[in-house]
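Quick heads-up: structures coming right below.
The two complexes that follow have subunit A in common; it is paired with subunit B in the first and with subunit C in the second.
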Partner chain A sequence: MKSREIVKRIFWEPLVIISRDKAGLIGFIFLLSILLLSFVGPYFVKLDTEVKLDKIYQFPSREHILGTDNQGRDIFSQIVNGGRDVIIVAFLAGLISTLIAVSLGSLSAYAGGFTDTVIMFITEIILTIPQFPLLAVLAAFVRLTNPTMLAFIIGFLGWPALARAIRSQVLSIKERDYIEAARVLDLGRMHIIFSEILPNMLSYIVISLIMAMTGAVYSQVGLIILGLVPFYGHNWGLMIQLAWTRGAIFYKGSIFYILSPIIAIVLFQWSAVTFTRSLEGIFNPRLRAGE
Partner chain B sequence: MEDRAIIQLDHVSKSFTVRSGIFGGRKNMQVIGDLSLSIGRGEVLCLVGESGCGKTTTGKLIVGLIKPTSGRILFEGKDIWSMNNEEFKDYRKAVQIIHQDPYSSLNPVHRIYNILSAPLFRHGLVRNRSEAEEKVLDLLDRVDLTPPGDFIYKYPHQLSGGQRQRVAIARSLTLNPKFIVADEAVSMLDVSIRLSIIELLRRLKEEMNVTFLFITHDLAMAKYFGWEGRIAVMYLGRIVEIGPTPRVIENPLHPYTKALLMAIPEADPQVTRNKTPMKLRSLDIPSLLNLPPGCSFNPRCPFWIEGTCDKEVPDMYEPENDHYVSCFLFRGK
Partner chain C sequence: MSRVKKILSNYIFLRAVRAILTVFIVATLTFFIIRLMPGNPIEIYIGQLMSQYGMSFQDAKNQAAALFSIDLNAPLSKQYVIYMRNLLRGDFGVSFLSQGTPVALMISAYLPWTIFSVGISILISFTLGITLGMLAAYKRGSIFDHIMSTIAAILSAIPNYLIGILLLIIIGVQLGLIPVSAMRGTVSPGIKPGFTWIFIKDIFSRALLPIMTYVVSTIGGWTLSMKSSTLNTLGEDYVTVAKARGLPESRITFAYVGRNALLPLFTSLTMQMGFLMGGSALIESIFVYKGIGWALGASIAQRDYPVMQAVFLIITIAVIVANFIADLLYSKLDPRIKIGGE
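Then we have the complex of A and B:
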């Protein structure tokens, strides 16, 4: 295949498909903007750390688009600089839990028998434990010094529900005639799992990954708001916690301080969830119209 | 005959265990019972029988998708389940299957090119994309999907049922097989397309010298496809009659075969009206979980001999040359 053709198939065609679903397209644009803002923005907008006692709780103005906080610092600069860690933790956690879910779920279904029983038993035990309280307890015991650590803990607890869903899908797909044909053609176990079974679930897996990411955003922000994660740095969760404990309880004027990170998080979640609508079309050729 | 055989079934049985209820024990369901069969190179054998009689199970046993409970399946004289890796690989390549439902036999996420080139790459028949493309175009041309360029980069959902079945046939040909099991390969298709697919299979058989096991419930299709070959009639997991197609159709020996042939409506209404249908003693097929003792057809057979048919299992008798029947009416003939 010529390189131009590859570029066309990998980059251009998905964009065309995304643009077909209007809601999905809007989600995609918002998501892209938030990602750009959080990952490229910090190079242009420096985090404002200077305490300016004469500028406390200012309303939005040309100088401070979102106003200022309890120490007179610019809120917009905090929003721009606070997204990166949240998104990285969410992505890592979602990736880890999806990877575990896909491998254990498909292994369980494909191997069957004793392996299946053991994996499903473990899955059900983890599924029974209430996630957030366990996270809270874990966070209190494990010293969470960096975002990656947090991502791992959230990821390791988040896979069971998806693993069961993947298992039942593989169970159904592995009985289809084309899998039988692949076996008779001796295409090999790896080919059957990765090239025949998994592509049929790809849209589901990617959508689950995004759902796992949004779940991970809530988990981590929740932990931070509760003050259970002492990790330093700067992020939207920390902003909410500070805005709440230092401001919102006492002053009406802190409304922009507390609403800004909340809206940022809500927008991120909403755009991610809306974007999943377009993904169906990308991974499922049957849904592409007009081809 | 024996040395020319490509596939032989040697006293093959297959049973599945089924659970009945929460507290019920496991029950053995015998789907195939003591089946012996030999298929010669270049031959067409049609396996006919009503649904649930074990035709598809027989097909899957032959292509090695399921293991027999007892007995041996021989490919070119070797037991497939005690072959070494290399021999088994050769057997896998040589014996292919065409499924009944063209809507579930092609993976919906792959383009036709990928479906047909995967086995080619896997078994080293092509080395790069241009070779693969050429081979795939050739395969599509062979199954009359012309011009092949129009089909190679399509997805299965963009094709009609008949076109899909042609792709499935092309896929079964990718590894130059010696033996193809066509499991109801035309019964899901539109009547208008059936004949052209049958013609295609006949032509491929001539061109590529492939041996066919043609599984069908439709005697007319068996008659049409396998006129030069043989027909085996299956009833509840056993072959009750086997012989050259013209003789089985024109002179059926087993009461079950007779009943089947009587049931085919004739084009001439006068003939149909004057036909006296065979009076079966029961219209229900016995459950596989509870097979009758003796000949499994005895509870329905109008010619049953009390004390014999419901006690003993009949052997295969050969009242005519090459025409075998498993019925006590022909014992000693």
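Then we have the complex of A and C:
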């Protein structure tokens, strides 16, 4: 496949089709808005760090669209500036998980036999270990000094379920005629995996990547809320953690302070899931029978 | 007959071997994290004792050895063997903070509450979810289906601890329906455990918010999976044949569609158990519900390494055991997998 054709297949065609699916379209628009808000927004809205004791817990007004927090700081500016790190860590972690999952899953399916057994056995074992406690324990040992490190740890633990799914995908594609033809032509295992099988799974891999990202958001924000991510900065998770540990959530007037980051995270997760669900429907028409 | 029996015992045997091997690997992993990682807890503890209490290196080392029940002077391989032997005996060492309390005792006090709250939640959520999912499938295209599916999709996308915080804010703080801070802990002081109405009422009211959280966060997933599974089953030939035979509607719904639609959901059930047990670290911390998850969060926050190590191990073992039981159950429900392997 030419690269232009690939771009057309993974980016353009889905957009055309998704505009026909209402839920998917809404998810896509939300997702895009959150990305814009988090990556472009900070250039326009500066993070408000100034403590203003006379403006504590204000309700939304024209001046403060989402009200103010327990120190009188503008909540909207915190929401705009709090998404970038969460999304970058989630993307990196998702990318690492997906890369490992795609390599191991396709190798396992394609090689079969002993290699398959060993890889799947390791996958099953990692899958059985409850992921969040393992992350929490590791976070207590490894000094998480920067977001990249966090992304790596989350990414390195997040691949097993995906690897299993990729494996069964490859197993079904492997049996198709054009793969058979490539094998007869003796094109080599690497060529068949990377040039014949994987391009046909691109849509599936993109979906997996977004799903891995939502998983990474779950782990990441969970770790932050438990207070296990010591590095400094400003993000949605930290907002919730601060509101929780400082007791703000037990105060009635703090509702906008605590709800804002929660809704931001929920919207991100929901729009990502909805978007991918309709992508799935597009690429796997058999699922649409259920609609 | 004997051959079938052989295959059956083989399947169970393989599952058991895998479960035991996983426990073994996790235990080994924990040992090496504790002993070999740079800045491992034993070194940190020795350093603390020396700097804070002015102990000599040897004294500090002895005390650390007692805490972790590891003989630090022995070669690593021997330490490992001793560690594993102690684990088999249920000896997890002694807590850092509440000195003198055996970790095993702490775990036996915390674990039942997590199994109780997570178990009840899965039961409620699974039953409700499959009922709603089947209804949505039968009435597909109706308003009920649309509303149910939309709510389910939204709920299943929200991280469970955020649902916990939302419940806490809405029910506890804004509406003031439940006195949240009075509801901390697992059982009210002064109430004796037993099959008494007071005790049962008490433990359920204390577990109410965690259970609600687990149920609300998982019910959407069950509804959606059951809906699509039912829709798939409805298209099967044997259902059409059953209809053609004029079998009563209720019999088709439960014995033909329901049973078969349920099967694929059992595999998710095992995943769910692991996920909830793991997520209990967050949920129980939010509500200060003193189960094993709370203990994990607290021990990590206080760097109480012996407790942390043991709690992690126990959560993992609980999940593995639950998976194993689910596997056995599944092989009873779906005889095909006993013969075909995976």
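One rule holds for everything that comes next: the second predicted complex is superposed on the first by the 250 of 291 C-alpha atoms of A that agree within 3 Å, B and C clash if a C-alpha of one lies under 4 Å from a C-alpha of the other, contacts with A are read in each partner's own complex, and residues count from 1 in each chain.
By our rule, a contact is a pair of C-beta atoms (placed from the backbone, for glycine too) under 8 Å apart; a residue touches a chain by one contact, two chains touch by 3 or more.
Being a predicted model, the structure only gives us computed values, none of them experimental.
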item: Partner chain(s) touched by A:178 [first = subunit B, second = subunit C, both, neither]; value: first
item: First (subunit B), second (subunit C), both or neither touched by A:228; value: second
item: Which superposed partner A:131 touches (first subunit B, second subunit C, both, neither); value: second
item: Of subunit B and subunit C, the chain that contacts the larger number of subunit A residues; value: C
item: First, second, both or neither for A:187, with subunit B first and subunit C second; value: first
item: Partner chain in contact with A:200 - subunit B first, subunit C second, else both or neither; value: first
item: Where subunit A meets both subunit C and subunit B, residue numbers; value: none
item: Complex contact set, residues of subunit C against subunit A; value: 18, 21-22, 25-26, 33, 37, 39-41, 153-154, 156-159, 161-162, 165-166, 168-169, 172-174, 180-181, 227-228, 231-232, 235, 271, 274-275, 277-279, 281-282, 285-286, 296-297, 300-301, 303, 308-309, 311-312, 315-316, 319-320, 323
item: Residues of subunit A that touch subunit B when the two form their complex; value: 1, 176-178, 180-188, 191, 195-196, 199-200, 202, 283-286, 291
item: Subunit C contact footprint on subunit A (complex, rising order); value: 23, 121, 124-125, 128-134, 136-143, 161, 214, 217-218, 221-222, 225-228, 240, 244, 249-252, 255, 258-259, 262, 265-266, 269-270, 272-274, 277, 287, 289-290
item: Sites on subunit B touched by subunit A in the complex; value: 63-65, 89, 92-93, 95-97, 99-101, 104-110, 118-119, 122-123, 129, 155, 157-158, 168, 171-172, 174-175
